[in-house]
């Protein structure tokens, strides 16, 4: 059984339909990429999964339990970490405090210390910045912090929303390397990316969203080879 | 002479440089596009042109005059109209009122005209309403005039935003991702609409993600990545540019 | 010069009460960006509760020694608790539903809550000023020509202790961090597993409890109150919060003391100053909002892109 | 259209003949007082209802209008500007003060603006009180010039004032409707909906908000003149925060943004205030409950109105279509709203 | 459509005003006869006496006893038997808004009296500021009005008073049975000098009564050779006077004179004097602090305070004993400082009405006749001594009393008769 199963999700902003019958599944240990143009509904899908917005229709089942009616705090507790679009680090708090907040649902001090070390091992740059206000970090560092923070809840599923957004190519490489590393250490990943090639490069499978609907679904390799995907991004290629 | 000229424009937010030493010119007439991945700084360029941000350095000239120090409303009055990436209609005003509001800068009614409904004011209102109806028709929304903007379907909202922008008789129309969230049929209609706008003599400058649309409508494309111009030229040339492909799909070796 | 220093003492002790009230304003504003208009009335309610508790304990005069400590602690804590619960109740009933409504809505509701609380207090003790027993002996000491009374020291001291405790709470405890996180980015806070309803409720609890403490102190210090007392005190405390930088705990404290000082100094040095204090204070409010809306200690964040 | 005009015509006629039908002067007096509040509410509606700016110190302009009349049409300085001329001057004076307050503050965010206006509302009457060499301080200024029309003095009958107010309200309604359906009215709505987009339409947002402030203040100034003349007295304690809140409650009850709603709201509240509560108190006293005084709890009533309306029917009893939609549908995705808010605040200067 | 709906709702409301208004009047009439007296004859013509007092809020502690005095007089007159075919009832209204007396409310109440033809005279208001708003109205209507307690001199004397008589400059309709602040202020100044106090610091509450009183004291104290070190006005709602007292203390006054009421800060000011190191400084005020509230608020610090009352001490007047006992029986509380005044004022009006009834052949008298009779009052026996009015409407019996608080109670110190 899949770790996460989303079935027939509809979501609205006011009267505007943002998602229409979105279904996807993420199996334990996978990296699944969700790609698509701006406004296609990728972020909305993640927000619905983590409980930040309520879907009008459909089911979200995580680890065998329907989480569609739960609040975001409870969903985090159940094991879904979400690093939101635009990083959303707590700018007026230090890096350390941000990480502590990431472990908000955890109670064991020992586990915290362990995770803290583990996360800092993945992102050594953050160690140098522990006492700095996170608002003063560079964009790349903030992205690392956002991911590290999400990892601090020791999630079984980590959802990453545009982790490479606005980063320099060299940093993008780092971020993707880290995502793979996180996955290899046992965390399942659901990844939104506009950098499709990169995303599909590390993903097991992928979904292409178009105007609120899943347009394609396939293995990453197939999608990468697909003219349709290429067309969706660069246009004209198929014409 | 160029209609719009950015000369060595840089915009930094704190330490983050969103737009870096950008120089380009836009000639009157025709359709130009600016593309680039998310976060490349495209919207910032629009915000610089429309006076929401002041450039950290460099200068922006429009129609032969500098825009330096002008507030957004003054720039709009100069003849630059825009739409927004995340539609910013006046949600609880009727479609017709939205378009009529778009005419604000070209209207002369003073506070006292408004208060007293002078004959001059009434004549102007009539003219503007007439013009607004024409514009609604122009964007195929002639039957939507009485609806609240927010009750229109998404695609219609996009077109309404364009009609509202056109109401000020702009010389330059900036479209920020006009096709975002549109289905293929709506996109086709949009392409036709943009063509009609160009034909009516308004210069169109658009930001777009949908390459298909960009390649179909624009005569000239500027590519931005990390705030810098990385390519410029005809759609075909740009599409073949290695740096552009890399910026968009990511580096091939990254996938390996 | 003695007069000047005496006025400083006067201003600080008056400011201590403003500061305690301002803390609640600043916390609530920090977390849900609402000017909790009813907060000043929760402060007055604190005096009312304290009076009820003292009456219940059968205290009507000066106490000494251990009984004094006991009575003061019991009353203070009970008043804080009752006010805190009132604050939570107000949030639950009147504000929570409107958390995502247009901004005017909760503000108008808050004004309404303020009027309701005032009238509840009017129903309770009638419209006339009510007196508060002299619980604490009030010796005074002359420090080089400056008279300082025990109550003044108590007011200033309590304000500082409360602020320090609050600072500790906000920066050192998990709930405190949750409050700060929620204040900065509600969504991101939820993604950390923070239950924002609880967090906001706790913010109201603490802010209102501090107002309750201020209410108790004011009862002891002035020996009187009336149902409408909170309106003006609340407004001045809000001014203090704005002056210090709204959302900033240390700022609220600083602002409170400054407003107290401004009042005292204005009274002393403006001819006929007593009648101009409100004009001076509210002018300060207007000027601060116009020229430095972020206040003295307000952080100006790096601009969001 | 014709039915609507007929209804309006009927209402107008009924109001014109009312004093002839009901000879009880205290009823006419009540209606005249209610009229002054309707005028106030129409003005505040421009600021709050149309432009969406919460003004908590609106009574200050009422005070300014009243004191203008008291100082320029009484023995106070021996200046005797005719009442009818004051009806032109006082609104202008009030509007100027509106500009004075608005110019530096209108760039503030909504809730800060509310507090600044509240502060202003506290300062103005206090200043009138303190400057006793010009205003007689707490005594106020009494025995103001009595208006007269064609040589007939108004005297202490409420009836002439009733007609003056009826006329002013009719003009006020007309003016408010004109404004609503005009370039300026659309600009207000646009600013309320989306200030940033409004700027892109070429709307000078500061000037437009100032216009709302000044126009709203002028209504208040106008009401002040009539109220002062009718009362024959101004004193500084008539213009406190409670007056500002009373008028706001009228708007909230009736329906912000809707002219008829606002009129009904202010009428209902005036009615409750000046009629229902005192009468019920008399009844209670007669029934032996001598210590009951319902008028004491009128502010409880305002509070309950403000809270329950905002929670359950924020658009008011007779809502404007637009406001109703805003309150009920605008609860978009909160995160999106917050994001837009911060985005906007990030760019607004 | 919406407009039509709105319009019709508005019209319905307008109709409702008429209805409730009418029913309101009738109910008031019937009910008041019951409150007036059980012996009211069915079908008797009702004569109402309007009473306007602040009976809620901070002023209630003095306003209610004053109202009670007037009501008691009306009840007694009715029980004793009004002239055949008539019955007296009290029509009492509250002029306090949000707990504070309010001139506009007072004016509105007075209009209600004036527009009710059954009202032939009125008692009130309590406060001078309210009186200023009411006098032009009673002057216009020719309605006799007697205040028990409004002591501001400008209400009856000088150009100020003239300016209030707008409609009929030659007619005075406002009377009072209390002495005026100029007399009270003068008495206070005299008394202070008599105590040997030289330097005064004056504080007032910036209200009509308090400021008026303080201004007179200020002038009188100087003219009697005293020094005024400063004169400050309080801000309404203030509770912390330490800064002000520090400022005063630095100047070294012998006495703080306070013009104002307990509610506006008199008690707190006294209380805080001790905190400001001024326990030894004398404190003197007017009748505004002559209530039990003052002792409650000021606590121990109240002891030693002096205050003047613009009325004779009832216990010193044999004529008062009966009233005091009856009052206690009727209301189950002690009399307030102005209860007897109001009782006297109501009796003067009742007598004037009865006289007019008799003179007019048992017809309902005109207000003008009642007014004439009130103005002609002379040597009218009352609990506060014989009362007459001078041409301004002021009492010809200007007796003031000075009290000193000892053990939490006002104790008679001195009686000052300013006529001499």
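Annotations
By letter and in written order, the chains are A, B, C, D and E; residue numbering begins at 1 in each of them.
In this section, a contact is a pair of C-beta atoms (placed from the backbone, for glycine too) under 8 Å apart; a residue touches a chain by one contact, two chains touch by 3 or more.
Just so it is clear, the model here is predicted, and its values are computed rather than measured.
Counting hops only between chains that touch, chain B reaches chain E in a minimum of 2.
This structure's chain pair with the greatest number of C-beta contacts is D-E.
Overall, the chain located most centrally, as judged by its C-alpha mean against the mean of all protein C-alpha atoms, is D.
For chain D, the chain with the farthest CA centroid is A.
With centres defined by CA atoms alone, the chain at the far end from chain B is E.
Inter-chain spacing, taken between the CA centroids of chain A and chain D, is 52 Å. Here the CA centre of chain B is 49 Å from the CA centre of chain C.
Rounded to a whole number, the gap between the C-alpha centres of chain A and chain E is 76 angstrom. Chain geometry summary: the mean Cα position of chain D and that of chain E are 33 Å apart. Touching two or more other chains at once are residues 122, 127, 187, 231, 272, 275-276, 278, 302-303, 305 of chain C. In chain E, the positions touching at least two other chains are 56-57, 96, 98-99, 206, 233, 235.
Those residues of chain D in touch with two or more other chains are numbered 126, 129-130, 296, 299, 326, 329-330, 332, 335.
Across the complex, chain C meets chain E through its residues 2-3, 6-7, 10-11, 13-14, 122, 126-129, 131, 134, 138, 140, 147, 149, 151-152, 218, 222-229, 231-232, 263-265, 267-268, 272-278.
Contact residues of chain E toward chain C in the complex are 56-58, 60-61, 96, 98-99, 203, 206, 231-235, 237-244, 246-247, 250, 262-263, 267-268, 271-272, 275-277, 293, 296-297, 299-300. Chain D contributes residues 48, 52, 54, 56, 104-105, 108, 110-112, 114-116, 118-120, 122-123, 126-127, 129-130, 241, 245, 248, 252, 296-297, 299-300, 302-307, 310-311, 314, 326-327, 330-332, 334-335, 337-338, 342-343, 346 to its touches with chain C in the complex. Contacts from chain D toward chain E in the complex involve residues 3-4, 7-8, 10-11, 14-15, 18, 22, 24-27, 29-31, 33, 75, 126, 129-130, 132, 137-140, 142-143, 146, 155-156, 158, 231-233, 235, 237-238, 242, 258, 260-261, 263-264, 267-268, 271, 274-276, 278-279, 281-283, 285-288, 293, 295-296, 298-299, 318, 321.
Within the complex formed with chain B, the residues of chain D that make contact are 175, 178-179, 181-187, 189-190, 193-194, 196-205, 211, 215, 322, 325-326, 329-330, 340, 347.
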